[in-house]
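Shared between the two complexes below is chain A, which pairs with chain B and chain C, respectively.
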Partner chain A sequence: MRLVPCPDCGPREPGEFVCLGDSGGHPVGEDGLAEALYGRANAKGPVEELWWHKFGCRRWLKLRRNSATNEFVP
Partner chain B sequence: MRGYSIWALARNALTGHAGWPRAWRSPRPRERYEAVIVGAGGHGLATAYYLARRHGMRNVLVVDKGWIGGGNTGRNTVTIRANYLREESIRFHAEGLRMWREMSGELGFNVMFSERGQIDLIQTWAKLRDVKRRQVLMRLAGVPFEIVSPEAAKARVPILDLDGAKRFPVLAATWHPSAGVARHDAVAWGYARAADALGVDIVQGCEVTAVRREGGRVTGVETAMGFVVAPKVALAVSAHASVLAQTAGVRLPIETVPLQAFVSEPLKPMLDCVVNCPGQVYLSQSDKGELVIGGGADGVPSYVQRGDFATIERVVTSLAELFPVLGRVRMLRQWAGAIDLCYDTSPIVSKAPVDGLYLDVGWGSGGFKAIPAGGAAFAALIANDMPGPEVAPFALDRFATGRPLYETAGASNRD
Partner chain C sequence: MSGYRLLPLVPDDTVEIDFDGMRLSARRGEPLAASLIANGLSTVARSFKYHRPRGIVGFGSWEPNAVVETPDGIELATNVRAFDGLNARAANCWPSARFDAKSFLGTFSALMPAGFYYKTFRGPGGRLWPLFEPMIRKAAGIGRLPDRPAAETPKRNAHCDVLVIGAGAAGLAAARAVASNASRIILLDEGEAPGGRLLDRPDLRIDGVDGREWARLCAKSLAANGVRVLARTTAIGRYDGGLVVALERSPEGRPARLWKIRAKSIVLATGAIERPLVFPDNDRPGAMLLTAALAFAVRHGVAVGREVVAVADNDAAYDDAVALAMAGVAVRHIVDPRVVPDPELVAKARAAGIECHAEFTPTGIVGSPVRGVRLVGGDSRSRTLDCDVVAMSGGTTPLVHLHSHSGGRLRHVGKLRAFVPDGPHDGAWSAGACNGAASLDEVLRDGSAAGREAARAAGCRVDSTAPPRAEGGDARAEPGSEPLAADVAHRKAFVDFAADVTIDDLRLAAREGYESVELLKRYTTTGMAIDQGRMGNLAAIEALAQAKRVAPGLVGTTTYRPPFVPVPFSTIADTNGTLLRPSRATTLTAWHEAAGAVMYEAGAHWRRPGYYPQAGDTMEAAVRRECRAVRQMAGMYDSSPLGKFEVVGPDAATFLDFVYATRLSDLAPGRGRYALQLHEDGRLFDDGIVFRTAMDRYFVTTTTGNADACHQRFEYCRQILRPELRVGVLNVTEQWADIVVCGPRARAVLADTGLSLPERFPFLGLAACSFAGLPVQVARAGFTGELSFEIFLPASAAPQAWRDLLEAGRRHAIAPVGSEANHVLRIEKGFISVGHEADGICGPDDLGLSFAVHADKPDFVGRQALLRDRASPSGRPQLVGLMARDPQFVLPEGSAVLRAQGDRTRGFVTASCWSDALGRSLAMALIEDGRSLTGSDVTLALADGTAGAQVVPPSFYDPKGERQRG
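Here is the complex of A and B:
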């Protein structure tokens, strides 16, 4: 795993963060509630995620990462 | 298929081992099959074997982008056990244990199954409550599993240091005598050889890029070697389950997460059972003397088969606390398998919402032990187009119908 680019603290160890997953939200659509609650895109490639800098500035970040390489992309 | 035996070994030893036949063919895929199984890991190969053996379906293709058993079948820590929480899971895995005992004989291939028992060290009150519940459910299912004292665990595992566990004192332990380990490659090779002998085509190094459908029906798969027509397509691909299912328009409640493992330098025999500290570390000793060590799943979803350092720190910290004798042992290898973790950490063995598409996914951290029972159940599902009672609870629609099977006994479960 690469260092996580925190805008406040700079590049930091991933162990300081909690990855909170897909930032897209799960709106209830035509597929119904179950799909909104349990369905996952689980994309291989660029994903946009929420990260919480738990052991740092405690900010919530929206970061783009490539799930096939673990590289963070600006 | 010529059987392996002491006579064959002696005969070939005298002739310079030049006479061993290939264990399986390497055919090119034909244009049309009765069924295509994507993924030549333990599950895919076992499914093909049981399809041919029990259901008479021999016109079957097993296709893999890598090599036989090169994914999570070759990357796991080979623990085989049945000490789960859900009645459905316990019964399923208890049947699995029975099949493991007979596997070498049935396949004519030594899978080196060793029923050596498992000790769980319980270090949190939450986990203690969980194993008390599991003890009751295991008893109801008739599978031996009991809570024992930390001292009893120490007597069974002399390298354990109960005073070393300062952060998380060992509150209790559990003993699961029918757990064991097996040789992972041999399991894949044994099923591959037996399936091939029954006429199943196994194609390695051929990536399936998409499942093709017309209307509500599957018509075949797009592969690197061209389109293959098949009325039945079965996915047994772990990490890439979501990616492939989405090419057929099916979204799964699955996240792909790295699960790490480590192997130490070879040591003298020091551990004759499996030891698991839930959520922290688990280990067993291989026949070569290496300690095979695993931890919980990483916290970040990823398809990278490497894993993050935070997990390594967590695993090694627990290992050094509980087994200080291993403090200076060097690790030879570290790797990760990309596991398909289902929302409730129970598997999905199910028909998909598309006719002719079958799913054997979401095994998460528990796929290896489920190879025989999972393969047999998946084969029955494909052949009959209907799940048997043993896997009916693991249907994909259990989320929509409000029947998820939350499990607490997987390596990926945290307190």
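Here is the complex of A and C:
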């Protein structure tokens, strides 16, 4: 329920966003394919996440969030 | 308990109310509980489990017993206000609280120990639960909801620098510590007027004035400086990042507004509530909290009884008892289990005419309602004191709930025998009694300090005037070491009144091994009733600590969760008529509704027509008629919810080649192609037709249900995966309406409407046309397998165009067609539907869509996984058609498919219908290696038996597609 810091729009309600988490990116090549598709670290502490400001500027944001406290960290 | 009014009713202020069928006089606006007490009613409720007679115990939201049904809903009698015509009845009893048909349960209560229901009905070998569950469920719960729907509660958002929750001494001191003229401050309090416990204690003085007057003036000057002061408002939850949800009530006590407040800093000055003492029969009507008795007397002019005995183990109770006596209530005795109470306090009490008995412990209650209290002295001598009210005071429970809601830690303070916040948490500072402050001066200093901290953290200036000071001493609310009495000879000593849990229940549970406080709670249900254990939690924790022989701090507390007080669902829910979520309408929805269509909600909350019944029509008849129109003459349907995107830029072609598995870069302008999007794991995500409108511009359609998800993906691919591409994506789903005209006469309908199509207009072509003076785009595409034209036009122009087409189509027997008919038509054609056949597990090859995958492209989303899937293709679910052996029988969708009787499940029916065009039933199914079974028989497992079917290619009608290309 913390406000999400959007560089375009300022701090906004999380309901305006879609959180994709760690997306796994776009796998190219056979190596590491399964890891990219299904492996997630599920780390406690700062994690890198992708957030989409769906009901705002529609920018995809790369944000660092502390998964234990939900605080966004720089 | 024979309550009466200290202040007589005056006619102007008197209202008539109805409680359990009795007509009562009440003072306008007073709590119903005050009216009931003033009218001499002592038994006003029945307990949850044993149906024991119960009276009012607490005040405001701290009432565990008196739940009433009103026409507005289920409420606490302490919160409902008396107004003319109020009609309330006690919940959880029949026919009334005084004569309750289920009171026999109390007689059997010795047979209902902790975990009774689990042990009796669900235990080993217990097969009784299914039999008894309906009866138990019926007997569970408190009260009946009113028949009519609750009025919706307006929601309000607010933002502020500092939010102060609680306008008692601590909250007011905190709000005053912030320079109010330069900051946005919200101060909210549950009470009618600010002051909190100051309101009950005329003897307290702050900065030279009466505490009540100080509170009034303080709130007034704050409001004058721009502080938003909310009365009758309870904070019900605190969440991450300074979000607080609060419920504001009307003067009548009804939910009036739900506040969602975002604050940079929060001061939690929620105070503390009194604890009852645990001794046998402590729940008899007439046994109540001392502070509640005081509040009824001072705030509402109602005496709770003729003769009060206070049973208390802390110093503060002496001041409260004296204040109660000063208010005109006859307090006869104070009984104190401690050996040496403060002699000064004892002298003060004696001066007020109260007899004090040190080293006496309550061992029982005489009568129900209360006629006396039994005591045992330090010398083991017993005695009984006559009274009609036993006013209990067992120390205080700091209200730490809001601190805990979003994860604040607690620590146990032995002196208070209570848990308090272990420092500020996430921008929230606790202050005052909820923070463990035990005297007024401590409360004021704590409040000021928290206010200053909160102001600094929010970047506000701190007020420079001196913080308020209490004058004279007041007693501290620290309890003695409480004796926890056992149930004596089946006489129950209640810990949790609301959940009907006794001290013996807790000890039994501990003996049975429920040693974690969370398990103890769930097993005994302590803390799980309407007051969420506010009143009994600490006693329950102490009981468990004693049983485990550890300190209560090591037992810990259960998890506090919102809402802090019971809140009707209707205050939280947003309702939209009969729908739970807001719905979306196309510009044609109103026409469909006027035409009598049965409306469905489809993908992304769109309201769209399912079918258009004519007079006396069944759904089946309507669907057949609509299908026939499309196959033989002409049909038209509203496809506006379809996802639509403009993809524009020099790299638009490269971009779409990356997003789609289908090659789109070689499309000529004015042409379209059926294209697939895959997930990164190679499974089908979405399908649709992509048109090229210019070398650097595409018009992309997606499925209705995935329109939003496609938008998200397009932007993800554009911004994250391929940021180097010069391309823009615009979601134009709502800007363009989409009317589809289909059937053998479709071209004639368009011609009659004055829509001139290009001379050469092949299948999947797109043309810019003019329609009634409007620029529109027409595509030769559709989902029915017939000659079909999709007219994309500005959404606002759709209603007129729809009527024109319908008018021109009349000569061609055109019919509007709903989604039910579309479903049949697409099954006849074997077209897949995302969500039915593309279920997130199937890849394009499984669905027979390899033709639309161009894996020779160097890269696209899902390519790598797709290639790996192709390397090991066996055992995949594959799309096939099914023809039931009995052509009249429509196979139920979802039926399991077996190769033969006794085989394991190989797949399931994804779609099924009656087809008029083929004169028989049809179905599609996903079956393991299904294509290899073509021509053979399979067995379907039905709810009642089995059915046989033949596996066929999944295209039943015009398999070569000549009609749609014609």
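The rule we apply is simple: the second predicted complex is superposed on the first by the 64 of 74 C-alpha atoms of A that agree within 3 Å, B and C clash if a C-alpha of one lies under 4 Å from a C-alpha of the other, contacts with A are read in each partner's own complex, and residues count from 1 in each chain.
Convention: contacts are C-beta pairs under 8 Å (C-beta built on N, C-alpha and C of every residue); 3 or more make two chains touch, one makes a residue touch a chain.
These figures come from a predicted structure and were not determined experimentally.
In the superposed model, A:L50 lies in contact with chain C only, and not with chain B. When the two structures are aligned on the shared chain, A:N70 is found in touch with chain B and with chain C.
With both structures placed on the common chain, the touch criterion links A:G29 to chain C but leaves chain B unconnected. When both complexes are overlaid on chain A, the residue A:C19 reaches chain B alone and has no touch with chain C.
In the superposition on chain A, contact is made by A:R59 with chain C only, not with chain B.
In the superposition on chain A, contact is made by A:L37 with both chain B and chain C. Overlap of the chain B and chain C interfaces on chain A comprises residues 1, 18, 37, 69-70. Chain B makes touch with chain A in their complex at residues 240, 242-243, 251-256, 298-304, 306-310, 313, 343, 399-400, 404. Interface residues of chain C, counted against chain A in their complex, comprise 239-241, 243, 262, 406-407, 426, 680-681, 708, 712, 715-716, 719-721, 859, 861, 864-865, 868.
Interface residues of chain A facing chain B in the complex, by the touch rule stated above, are 1, 13-15, 18-19, 21, 31-32, 34-35, 37-44, 47, 67-70. Of all residues in chain A, only 1-3, 18, 20, 23-30, 33, 36-37, 50, 52, 54, 58-60, 69-70 touch chain C in the complex they form.
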